[in-house]
Every structure is written in C-alpha cells, then in structure tokens.
C-alpha cells in the first residue's frame, strides 16, 4: 500500500474507496474461501490504522460473497482497476486539473481524450453504499437537512452530502445529460446554486430515433466545445483513440458476457452486474478495467464450456431479469439469492445495453469517435429508456426475457424513480402476457439503507422465491 | 388428526382436521410468544375438545410466529396455505383475497392450487386490519361494530392520503371539524375498500374469488369490494379468520 | 385580572388561568374526539379548582387543533406561537423549543422577547410523536408514562427501522417475541424518536437555551437520547411541560386584552 | 369559431358567471363549441402553443385540463404507483372514468416525468381521437434547442392538418395571436386589481376566473373578462386584510390552499404559478413568421424549474412579482413527489430569505383533506410576520 498523500488522503471518499480495494484484495489473497477461514486478529494486526477502522463497517455478506471462488477473480481485477482509476484521478487533481464531474451516461472517454480524468458524480457513493453498512446514509441526511425532500433521488443526494462534508472535492464543472429524470436535473441545478459549479448541459431529446440522435450528437459537440473552453484542455485525436480502443475492447467482453448469460445454466455470477455497470461508467478509463472484463468473460466462458452454472449443480435454476436494476446498497443480494434459492441474475435495467444497436466505436476520425460514444450514451442504461415512450423499455425486456429464457422478473423499484414506477404495471403485464413470467415488485431506495431495511428486503424476496418457485 | 396453526402477531388460530374435515377450532392470544401460544392451543384442545397431543398425527404451523416455535413442527408459507384452503373451500377458486391484521394479500392460483402471482400491501399499512383498529381507536369505536355504525352515514366524505398516518391526521381533522362518527366510519371503510380493490385490480384475477382473514367478517367491506370489482366474493367457509390455519393443516393431506 | 388559555390537542386538552403575571391554576385531561367538549370540561375543571366563575375571566384565547371552534374563547392563536410564548414566560433564556404533540412535532425558534422567529413542523407523519410512543407503550402493555423510566434500564437498544408508526408496533411485537427486554425496546424507541427530532431541529437550527414541551418532555429516556444526538443540553422548565401551550394562550389573552383596552380608551377620547 | 352567441350566461354578472363556470361536461361553452362542429383539445403544460391550435380552421378549442372535483384515484392507482404525484393520478382518473370523454385530442409534453409517463395510459386505456406530444429541450440556451422546439410545434401543426385535412393560414395564426395577446393583457389588468392597495377581489375569486379562462374560447372569455374587470373595478376594495400573500410552486388550479390562507384573514394578491401569473407573462410578437413568433414566446417565457440554467431568471421573476404586489410573505406549495417544485421552492426560499423576504414551504396532496395541519402552519407564518 503506497503512502497516501494529496487529494487521496484529503478526500474521505477517495481514501475509503481506495482502502476498500486494498481490503478486498487482501482478504482474497489470504486464500480463505469463507469469512470463517479469515484470521481477523492477525489481519487487523498488519493493517494500517485507517484500514483497520473500516473493517467492522463492511457488510459481512459482502466478504462472504467476494471470497467465493466464482467471485474472487472478478473482485480482484475490479479492485485493481478501481485503484488504478483513483490513482489517475487524484494524480490529475493534484497536478491542478479542474474538478469535473460527469453524469453516469456521458462516457469518460470523451474527457480522457481531453486529458481530463472525470469523476462520475454518482459513482463513489455507489461503491461505498455497496461495501459499508449504511454507507452513505449520513450524506443523504445532510442533504435532506437542507430541505431536499425524501422523494428526490439519493443518487444525487449522497454525493451532494459528500461535497457538503468535504468528502469529495468541490466541482468546477458538472456535465449533465438531461436524461433520465427531473430529479437528477434539479439536483444538478441545486449543486450549481450551492457550490457555484458550472453545469454543462447535454440535452437529451425525447424519442429514440434518428432525428433525436442527430440532435444529440450536436449537443455532444457543443458540450465538448464548452468543456474545452472552460478548461483550456483540447480534445486530442490520438489520446481519444487510445481510450476508445480500451473501451471497445472492454465492450467486446461485455457483449460476450451478455451472450453467455443466455446459456442454460447461466455461468455469470449475479453480483458482477453491479461491478459491470460501474465498469461501464468507467469504460475506457484504463487497461486494468479491460482486464476485469476479460477475467469475468473468461471465467464465465470456462464455466459454460464445462456445462457449469453459478447455481450449484443439480439445483433448479431460477433465471431472473431485474427490470429496474440492482440495488447498490445490497451489492451482495444477487449472491445471497443464488445461494439460498438457486436464483440467477441474467440482466437488469442498469446493465442492459443492446450490442446490435451500440456495437463498437469507429476509431477512423474524431467525428466517428464522438458519434460512436454519443450512440453508446444514447443507448446506455437510463440513456436508452429514461427519456422516451415506455414502449421501448417494455419491448427491450420482453425481448430479454425471451432471449435469456427467464423464469421470473423482479422489479426492485427505486422509490425516487417516478418514471419507471409509472411503467411498472405495463411492464409486468407485458412480461406476463408475452413472456409468460411473473413479476415481483418491491420498493427500495438505491442508496438509502433505511428505506427498506435489508432484513425486510430479504424476507420479501424469500417469500417470492419460496411461494412461486 | 392434523393440527394446523396460524400464529399471527396478536391472535393464534388453530384448527384440527380429520379426513379433510374440520373437527375443532380454537383462537388464543399470541401475546408475542409463539411457544406459549402453542401451549395454550394444546391446553384448549384438551379442555374444550378432548383432543390430546397423542391424537395429533402432525402439527403444521404458518404465519408470523412459525419461525419462533421451538417444538419440532412442519411449516408452510402463509401464501400457499391461503391458496390451499381456498380451493378446499371452493374447488373452482382461482383467486384469494386475504384481509389480515398486518397484511392484505391478493393471490391468483392455478387449478392445482399453486400460487401463480400475488400482491401484498407494501410499506403502507393502510388497508390492513391493524390500520382500521387504529383509525377506529381515534373514533373510540370497535372494528366489529364499524359496519353497523357506518350504516347510519348520511354524507359522503372522501379521505385522501396514502398511509395510515396520513389518514389518521385526516380523521382527527374531521373529528375536530365536527363530522359525525358514522360519516367518518363510512369514509374510512370506503377508503379501505378502494385500497383493497385497487390492489386486486393490479393483478389479473380470475373469477371465483375467496375472501378470508379477520376483516372478511365485515360485510360493509366485502360487499363494497365485490361491488367495485364487479365480481362475487365468497367469504371463506364460516370462519374466515381460520383460512391460514386450515390451509396449513391441508398441506399434510395434500402430501398424501 | 384573570386571563385564560385553553389548548385542545388530539390526545390531551389543557387549560390555564393566570392573574396578571401569576400562574393561578392549570388542568390537563385526556381529550375526547370532540374538541369543544374537551375544552368545556377542562375549563370547568380549572375554574372549579380556583373557585372562580367563567365571568371572572377577562379574556380567553384558545389554541391547538380545535382552536377556531371553542365558543368561550374570544380569539385563537396557533399552538406554535403559544408554545414559544409559554416557554419564554417560564424561562426568558429559552430560544429554541421542541414541542412533541399528539400527532405532530414542531421545532420553534423565538427571539429575545419571546416572539416567533422561525418554525418547522414534521411532514404528514406521526412517526416521532406522542401517538407513536402511545402505540409502542400499548403494544408492550405499559402506560406511556412508564416508558421513560423503563427505557433508562436499557443496555442494548433495539434498532427501530420502520418509518411507519403502525409497522413500528409490529416490530416491537417481534422484538418481544424474540425475547428482547422491554428496557432495550424502550431505549430503542427513545433513540429512534431522538433521531427523528434531531432531523427536524437541523432544518431550522438550534440556539441555546433549548427545551422540550408537551407530554413527551416527561419521558426521561427521550430527553436524554435527544440531548445526546443533538449535542445540546435540554433545560427542564419550572412548569409542567404539558401546559406550556395553554399558558402561552393565556399570555396572549393578556396581551390582546391590553391592546383592545388601549384602542378602546383611544377611541373614547 | 364564435360560440358566445349560442351560450346563455348563467348570470348577468360577468364575475359571477366566470367564477362559477361549470367544468368539463357541464361547461356550456365547451358544449356549444362541440355543437357547432368544433373539436376540443386538452393540454396540461404551459409549453403547449395554444395559438397554433386555436387558429386551425377546423375549429380547435384548446382547454387546460385540471382535475378539480376529482374525488378518488382508485382506477389511476391501478396504473400508477403511489409515488406518482396526485395531480397526475387525478387527471388520469378523470380520463379513465370518462369525465374527459368530450375531448377530441390531448397534446402532452415531456416537461414533467410523471405526466409524460401517463401518455401510454391515455393512448391505450383511455383512447382519444388525437394524441400527441410536444417535446421540449431542458435548456433554452442555444439556437439548436429552439430549433428543436420550433420543429416540434411545426410537426404538431402538420399532424393536426393531416388528421383534419386543413391547416391554419398565416392570417388565421395572426388573428389567434392577437386574441391571445389581448387575453394576456386583460389578465394582467385583473392582476392589477388584485395587487391594488385595497384588492378588488380575493385570491380564490381570481383563481376561479383564471380557471374559466382555461375552459372557454378566448374570444368569448376576453369579452366576459373585460366586463368582469369593469364590475370589479367598481367594487369597494378589501382593506381589512391581515396580510398580503403571494403563492408559488407546483401546478395548482384548485382553491383549496388559497381558501385556507384567506380563511385566516390574509389575502392572496398574486402568484408565480405556471397556471397563474407566469402563464400570462410576455406576449407573442405580432410581426414576422407567426409560427416562429409563437414558438419564441412559449420557449423563452419565464421557464419551468425543469429548465436547467433558468434559475436566476425564475428567481428574478419571483422577486419582481413580489415587489409589484408589495407582498408581506410568500407561501410555496408543492405536491408530494413533485421533484421540480420541491427543489425549486427550497432554492428560491433560501435566496429570498437572504433578501429578508419571508417564505413558508408547504406540502399537500392535490386532493388535500388535512386542512387543520396546513392552517396551523399558515396561521403561525402570519403570526411570525407579526400580522
């Protein structure tokens, strides 16, 4: 572990994410395959004080999950990639780069191409909520104490609280696509007002058609021009190409895994969906992230080739599509369900990106690269279905349910996500009528662990799998 | 003889089946202690029905207290118990509505009595028995008398609000505004009727709906829901609150 | 001169008589569903206590939920202002008041003369109110007044996670079933309530001195827990915290009467 | 199309007629319009270019849909989860229950996530002869965004032409523009009567009259409003009020909140609602290409909170209106789950409080019944103002 300095030690969120990577890597390095095998006292003895102080806050279920053979490789490589990303980010910030936050569906490549290391505003709270008990609850409270109501999305309340408490650096620029919702758009305006951030808008038109896409590409070009103007960093073709190529390679494995998950039994562990999404948000960021994707793909591939699935052999597999998405603060949930009920997690609203539509970014010229990245953003989770008629989301999931041979659907509705709650009924009916599978809807919050406590979430899901399956 | 017990958080319901026929029924307070409740059941069976532990071939438990009973027993999920009991009561049954103290559940079941889909009142307590208890406490009347009291209503009041607590303050405001108890009672029952009906409509329900649970005794509710659904509701054989217990006991019969 | 204040809430009704600046008498009773009945009874009681007759009262102000409908009150003032006024009379050093009522709680900020400066009221949710505690007490088959002392014996507070008052009662039942002690449950509930009050206080900020009014102020466990989360001492008033609203109303009665007198004499000459 | 001739006013007094105008199926003007072969189009959002519809030779009457009088949302709740705002659910309820059966068309926008997501239910469950959407960029900066909006409304015009076989000439558009500008000027006169030292009408009366304007052909409304203004000007003003209040926040067309405020002796003298003062702000240019002029006005008028980068402009608007009406305080209202206005209200309150303008933030359902709790807050707010 390198000695921490600069913004890495100054900002608690950076430090914490970096430390949790160390901890997970260490735990796996011990070779233990379950928490019982871990010699905690000895480990605590050799851990730096800060790291040791974090150990008791980590979800035991997460430790249990990452130590399992099926999750070890992916976790190790993912943590390495995140550490590398945090290092790149903090190094850039320490060398005086402006603080630029990007919304999840604007690809990092475009900023990396300008020699900027962007930080996805929502990303670090998502990691921390997954690893630590009540990970970002206090940050959410800080924001609500300012008068922001409970029904506003915690994906922005958490980072807002982190900014208020100095856990993340104050923003210079924030780049926001106006997809997917009013809630996030209001919270970026709030950040502009409270922290004096400069918000650059990428207007995402309603409709998902050619005309809308042309407009969207224009919006991207204007955004790039604004960021160039505000930062003095110019988009460099070769630098952009380098990161786009990394991204393309990552996508190759991403699509590959989507294919593998259609197999029976499904060879791809459910807990990876959350990691994959985080990886997608950081697509093209570094070589290690490519390694992560390759590791996931190859491990799944080997399982598939030897006819193995993530569900114990001989056990009935319950194949599920998660029509809203996973629940970040319950990172371990898919693994828990695989173990208890033989559930396998095929695809979710936050992981589905149609390869036949998005494909790979054409690296011929700056223009083709910008268009390609815009196309990916346009069809990324949230980007694709968040700002158009509900039909697209419904068609996508009926297609997925059929192509992936799903037995059931689970809608883990994030309470703040009004536009998807308005579709839930149509979606459930369509899946029942056209794919013949039942849907289970439950209410939760993306990051706030108090909305539906883990115990009650587990009880509700257990009831569903016990009763229907 | 098979003993089926539905240990609710406040009341424990028990039935004894012999050849799929009810030979004894019993209700005892749970008082938050599942084991004690089971002892009381055994005691009651002995004293009131002359049925000894030895006569019971098997005991099947369902409901809130199931996991809290230390004595060995078979267990059943409450939802499958509801499904089984309903079809036992009415073989044509393809849907169940259970109006319990803590939960309102709607199930659609196939001809084998298997649960195909279900909906329950989620975080929101409105529409469950406990909710009515609390509302009527504010009015100082009993749930059992509510249907009759509501009969005297002479004015239609609409209660908005989404959860029990919202309703409660609405009710208090109405009381303070001098509304008659009858009118408020009717408004509360109407609100619950709508909540439950909406829950039912969220799911494709096939005809022949059996309704069970303690609230199924409330004619005003049952008729109201049936009216809004435009479907007949069959109240579970005589003692609707026993539906869970009967279903649990039937699981053994089913197994054979 | 005698002034009266009557405070009709959703759970209790209080009446206070003052003679100029002296607190003559006060009465608290459990409210009936009808505020007018409650007000009438509580006023009769307080008068009976002092042997005074209703016509001896120079001016009466009502507050609380039924405030507009009290026939014998000449004027009504919101309970928010009344709690500020009453607490300030009891202790002029008070700047922040947490009032936990039957179905809602308020945080009230007052200035150096006891006038309302700012306030915040819980959104439509009875979580963290008197009714919340009552429900819990009922589930544990104890009187709500026993909850505080009992909770002080708690060592390992249970986690109260449910936000819904109704479901909290089911949680409590489950804790009992799982063999948790009433003390631990009581403490868990007190801490949950303290956390909710803290969230509310954060919205308007706190300025010393701080006090709690309403029935819940008598719950030692809640008061201590709140002090802990807030990181502020809570001073206890020299009067029954439950009558603060009614006292404030009586003080407003005195003010209002003086104002009207002044106007009348101005009109006369 | 002129229908006023075929409508027998319910009252000789224009104020009474407008303030008491029946809604929906009982509305005599809407019925007369249809009897004359006209079509009635509904819309909800103030980004729908009414002139463009009103100008159509086929005779399109745009009415702003509200849900006043809706008593339950039981059917809408089957479709929409409870985390969808109650106005959206009430409106869909009226659609499902047939109360809006008289509508020929509905022009929606994507301004609000919750409303836009009911499009499919209106299409599949309610069913209308004509249903379309005008989509709006989330920022008004930059010509390409305006161009998108302009294209959207040109497409709306084309769709209408395609469906009804005729389209509005520039002349007809220009007439509609004149009519609507007159409507806005008259409404501003009405507001001037409200903001007088001794207001000539209560906030509740004003809202009812405004609502009539949403539900009448503007020709007819302009005439009656003109008379009403005369009647009101002749009235003695209200001079015994306790405080001058301005309201703002979520969409509001029900007098529930104003009634509570005015029951405490205060008078609501103005607002910044998109269904009120903001709605009549700024005119359409009467020269140049009419469609483009219309687009400019609708796209660039004081924005909805969902418009990123428009906060300063909205705050300035609030300050200006508050000063114009010399208000003692501002009451911001939000519907539960309304993201746009809940955050906007909090942002505006902070800035206004810094300037010493007192604000109160309230939340209540569209079908609110908790009068007591709201009144307590309002009364305490007035007491805080020393009123």
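Order as written gives the chain letters A, B, C and D; numbering starts at 1 within each chain.
Criterion: contacts are C-beta pairs under 8 Å (C-beta built on N, C-alpha and C of every residue); 3 or more make two chains touch, one makes a residue touch a chain.
Since the structure is predicted, the reported quantities are computational estimates derived from the model, not experimental observations.
Identify the chain pair joined by the greatest number of C-beta pairs in contact.
A-D
Relative to chain A, which chain's C-alpha centre is the most remote?
Chain centre farthest from chain A's centre: C.
Compute the distance, rounded to whole Å, between the mean C-alpha positions of chain A and chain C.
One centre to the other, that is 47 Å.
Using mean CA coordinates as chain centres, what's the chain A-chain B distance in Å?
Each chain reduced to its C-alpha mean, chain A and chain B end up 42 Å apart.
What positions in chain C touch 2 or more of the other chains?
65, 104, 124, 163
Going through chain A residue by residue, note those that touch at least 2 other chains and give them in order.
In chain A, 147, 425 touch at least two other chains.
Return the residues of chain B touching two or more other chains; collapse runs of consecutive numbers into ranges.
Correct list: 123-124, 161, 166, 169, 172-173, 176, 202.
Taking touching chains as linked, do they make an open path (line), a single closed cycle (ring), a hub with spokes (star), an all-linked set (complete), or other?
Graph shape here is complete: every pair of chains touches.
Report the residues of chain C in contact with chain D in the complex, numbered from low to high.
By the definition above, chain C touches chain D via 65, 77-81, 104, 115-119, 121, 123-124.
If you look only at chain C, which of its residues touch chain B in the complex?
On the chain C side, the touching residues are 10, 33-36, 65-66, 69, 103-104, 124-127, 131, 135, 163-167, 169-170, 173-174, 176-178.
Chain C touches which residues of chain D in the complex?
Going through chain D, the ones touching chain C are 363, 370, 372-373, 376-377, 379-380, 383-384, 386.
Which residues, counting only chain D, touch chain A once they are in their complex?
Residue list for chain D touching chain A: 78-81, 83-85, 110, 112-114, 116-121, 124, 133, 135, 137-139, 141-142, 144-145, 148, 305-306, 308-309, 311, 334, 336-337, 339-340, 342-344, 346-347, 349-350, 361, 363.
Please output the residues of chain A touching chain D within their complex, sorted ascending.
Per the stated touch rule, the residues are 146-149, 151-153, 176, 178, 181-183, 185-190, 192-193, 199, 201, 203-207, 215, 218-219, 222, 387, 389-391, 413, 415-416, 418-419, 421-426.
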